[in-house]
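One chain, chain A, links the two complexes that follow: it is found with chain B in the first and with chain C in the second.
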Partner chain A sequence: MRRPGKQGIGSHGGRVLAITMNTFTQLVRMKVFYFLVVFALIMLGSNFFDLPQHGLPETFGFSVLRAVMSWSLGAMTLFSMVLAIVATALLLPRDVEDRTLYTILAKPVPRIDYLAGKLFGVLLLLAVSLAVMDLVMLGVLQLRMSLFMGQVEAMEAAGQAAEKVARMRAELLANGPDWSLQGAVVAVFLRAAIMAVLALFISTFSTSTLFTSIVSFLVYFLGYFQADMREAFLRTTGEGLGVLERGGALLLTLVLPDFQMFNVIDAVIEGAAMPLAVLGKLAVVAGFHLLFYLLASWYVFAGKEV
Partner chain B sequence: MMKPWQRLGVLAAGLLAAGALRLPVEARWSEEMRAAGLLRQGLQVETKAKIGQTFYAVALGGLRTLVATFFNLRTIGCYESLDWGKMDEIYQTMVTLAPRTGEYWIAGAHSQAMNAASYYRNDTFLEMSPLDREANWRAAVLRGREFAEQGTLNVPDDWKLQAFLGLLLTDRHKYRVFGDPDATFEAAARAYRAGADAPDALPFMRRFEMYSLARVESRRGEALELARKLYADPASRNPLLQKVCFALEVWANPTVVDPLALAVEVFGSEQRAYRELSQYWLHGGAGLPMNGVAIALAGLEAKLDVPAAESVLQQSVSRGRDGQDLEE
Partner chain C sequence: MTDATPAVEIVDLVKDFATSFRRRKLRAVDGVSLRIGAGEVYGLIGPNGSGKSTTMKALLGLVAPTAGTCAIFGRDSLRVDSRQEVGFLPENPYFYKHLSGAETVRFYGRLCGLSGRVLEDRVGEMLALVDLEEARDRRVGGYSKGMLQRIGLAQALVQEPRLLILDEPTAGVDPVGSRQIRDLIFKLRERGITVFLCSHLLEQVQEVCDRVGIIFQGKLVKEGRLEDLISIEDQTEVVLRDASPELVARIEELAVTGGAELVRSGRPRTTLERLFLRETMKGGKDS
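Let's turn to the complex of A and B:
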């Protein structure tokens, strides 16, 4: 018997949580975490590229740290995006294939709970994966930092100018792991979350996993043009662009997500600080997409005969 | 129960309405992020031609800095094959992808102005006539300056890049390539000043701004003003600063200041004043003011009983701006 005030399996939250955990377990059993080994190898590999320009006094140490950040966040983007799209695209067809979908929907489980559970399962997988990758990246950065700091101390002991030593130390500390880097990892997660919910939406009317994946990747790349299309629509007058072109630009602007906003990750790699307000804005954008496309998925899925 | 086309219509209307709702917000926020330097313009068509179709797709996928890193790896091959033209092309692509990464600008400018220039002038295996060597050397040095200056426009707050530009412009082997030395040293002073104004810059940037100004006859008044400010802070009062301060004070007040008394006051003792000013005298000044140095040295030699044969004033010194690098 369910205790009053507690979320049991009969509540919306309880049902969503149960499906979320089940989806997460289902995905883990697909051995998706093996990619973390590849990530670790990339991290190790990024340490062995000793470029001639890394030896310049102006860029001592931190150019290596930035390279590690660039490789890490790039790999995180790739893995999270592939994971978000492919894992989501697999879910519905697989549930249909092994009849789990019918078992679930035969019970008093609203379809929105089922879809939300599936989505949150993928999001949990993304969050755990990114957290592990983040830890590996921080570990590598910390290790390189301590090695460089050791070199700086050796320079100090050898009688190098105090100003130069102080500069190197300050540079290393300024380019090491910080909260902006963590903000960039969160931005990677938010972007992947948008793609996951888009893939879920596409999979509700798609006929195959392959179709969902291809269309989702297409949407992902087109999302990087959305801001350009928006600019084309907002900034140009009738002289530069015809009515049809402007109409097309507007249509795509309204339908596609703006992924260029998430390029703030590049700015963080280049040493810029990410204000909390910017991260908040990205979270609002991602939250809006999550809510809207979850409801849209439900709308499509509710009218579907299963 | 709605018909399928009706459901589709509702869905399409919902999609467009949601898009219309977020359009102004996304446009405003993107503009704000761009103004804050967190977002850049989209990639240009010529970049696509340079990086190729595959990399373009990757760069579009929010991985511009990663693609820039791959290109950074390609420079190893250029260093090995001494292909400086290709190297320049690669760095140009890298800074297009990651324009806010100061070290790419520094490395690109360094590869031309230092590595390539040195190769054309000194490589014994290079089969090239002396005239061609000289022409290529000049072209590489000029390209290095151009690249560094482009960088300072993109990352004006990167003090290391400004320091590199200042260093290049005042390099005793290279400053003549840039034409009028006064204009070149003034440009160096501007670079050092821009760098010194950055919040994380080290104090030597302001000193180097002052040295660059002091090397231009018409800017010595400003140099003196700055030198006095720097001298007031004991932490930046290093030997070269003391020497330049001394010479500028004599330059500003040639009839009022007694160089001998001032030298002892600035350096603390007759012995130290003689040692430091002797070095400065032999150093050649690198174009820095030498006002009062000879008078002070003569007075100090008399006081310290330095034999005439050992006088530093008897030693031949080449004057001009080609002295040793500053604060060496």
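Let's turn to the complex of A and C:
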């Protein structure tokens, strides 16, 4: 007699999207985007730091471009990490405290939809802010580039050797923004995404935002030793590698993300290229952790009394 | 009516909460069974901490029962789709402070799978229903207690549920506001919507409810139709008009005849309040 009450799987998407957008708006209206202003100020500030170095004038432009990249990627890492952890750690406890969770779960919302919505909201925020930071970085790099190109042109006009001028021009171009740099930004995003899902998982059983944040940062640091730990694990047992050790190493790989994989970001700052295959591998690993921890969060959250 | 699936069916519900110290469990709900037929207005009354909210949360699947079952229109409360037909207003509701009134109702509408034109129409309708049209674009963070209660009603009703669960809908609402909420419940009853509410304001429960249950220390100590519960069986009421004091005195002697007009005779009512006190005091002594 009324609207058909039956709602298919198709409406999962609608609900997740509603929670995602709500989470995104919530974070935006909490004024988190102000940090973008701070980022822009840092970038502007970095412009004043390149007092002529005593290095050769030929390598001057080169090093300034690299410095800008290093500054920006460093700031992006910091902001995205803090944002991923603190924003996620804030969301669940707040809903529980304000009892908004009651009203949400009293609607036909599966708990996995709620968790996925929260996570995607944070990921959306991360993606948007990294995209904005990326644009600022590219803008600054472009500006620098054109300034140096102008200098090179002036040198050319002043009658410098054509060969030298051509070499400088090529070097500048080689150190300008390229696809590897974009790959590095994507890697920064993937790393922050892993931290967000970790923080989400921790917040399903933690009782405070502070605890969640601290444990998440701890896991982040531990993640840098994951590869070493796994190696140590496998080495101590030597030849007779038992099932237990293998299992332990495997579990470690599953549970603790290997953040050393993200050292490729630093390599890009140094001027190395980031092959698509490497980025693809990072994406697969991040995707795995996202799924793993989202399901783990669901497992804990499904039994939770709200 | 009786053969239709009941709107609410709670069977032997038990809910224990773990207390942090000593392994002692706290039994919040102790063997409650309830059946609310479609279209009824049911009031659950009981002192603080007697398990009213816990019963409602179990019915909504927000807490898992230790024993027993809850079902809404025949669907077990632990299933997500049982919530399709129910709207819930928690006690002292708070909503996302960053949303405006209209955005709040829209958000909950989306959660129920509404979208597009239908959703927008519902949002407008609901805000009109709870009289929050002027406040629709203001942030919920700045709403007063009564406004929060009303926006809570709006979100509860957004998907046109057949069952409405209200946990102390008039707590902290001024007399005018609570009158509006009462009128709204009347309106919903006319439309055939089942209402399950709990409240401390017994007068209001008495006004709107068809049936009431009294819960005390997790047990349902009394339940039935309001009219039956509050009639006193071994007394007869005589209502007189234009009776002089002497006449009253004589009637008291004669108890039957006199020159006065007998307006009505029947069973006098106690108030729900007296019944409530009697039941909860009695229960207090034997436990």
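Heads up, the rule we're going with is that the second predicted complex is superposed on the first by the 267 of 306 C-alpha atoms of A that agree within 3 Å, B and C clash if a C-alpha of one lies under 4 Å from a C-alpha of the other, contacts with A are read in each partner's own complex, and residues count from 1 in each chain.
Following the convention adopted for this analysis, a residue touches a chain if its C-beta (ideal position, glycine included) is under 8 Å from a C-beta of that chain, and two chains touch if they have at least 3 such contacts.
What you see is a predicted model; the values in this text were computed from it and never measured.
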Partner chain(s) touched by A:Y34 [first = chain B, second = chain C, both, neither]: neither
Larger contact residue set on chain A - chain B or chain C: B
First, second, both or neither for A:P108, with chain B first and chain C second: second
Partner chain in contact with A:R15 - chain B first, chain C second, else both or neither: second
Which of chain B and chain C A:F292 touches, first, second, both or neither: first
Contacts of A:Q26 with chain B and chain C, given as first, second, both or neither: second
Which superposed partner A:I269 touches (first chain B, second chain C, both, neither): first
Touching both chain C and chain B, counted on chain A across the two superposed complexes: 303
Residues of chain C that touch chain A when the two form their complex: 17, 57, 60-64, 80-81, 83-88, 90, 92-99, 107-108, 110-113, 115, 152, 155-156, 159-160, 162, 165
Of all residues in chain A, those that touch chain B in their complex: 49, 51-53, 56, 58-59, 62-63, 66-67, 70-71, 73-74, 77-78, 81, 163, 166-167, 170, 174, 191, 220-221, 224-225, 227-228, 230, 234, 251, 253-255, 258-267, 269-272, 274-275, 278, 281, 285, 288, 292, 296, 299-300, 303
In the complex, chain A residues that touch chain C: 2-3, 5-7, 11, 14-15, 17-19, 22, 25-26, 29-30, 98-100, 102-110, 303, 305-306
Parts of chain B lying in touch with chain A, wherever the complex brings them together: 2, 4, 7, 10-11, 14-16, 18-20, 22-23, 26-27, 29-30, 33, 36-40, 42, 57, 60-66, 68-69, 72-73, 75-76, 79, 98, 100-103, 106-107, 110-111, 160-161, 163-164, 200, 202-204
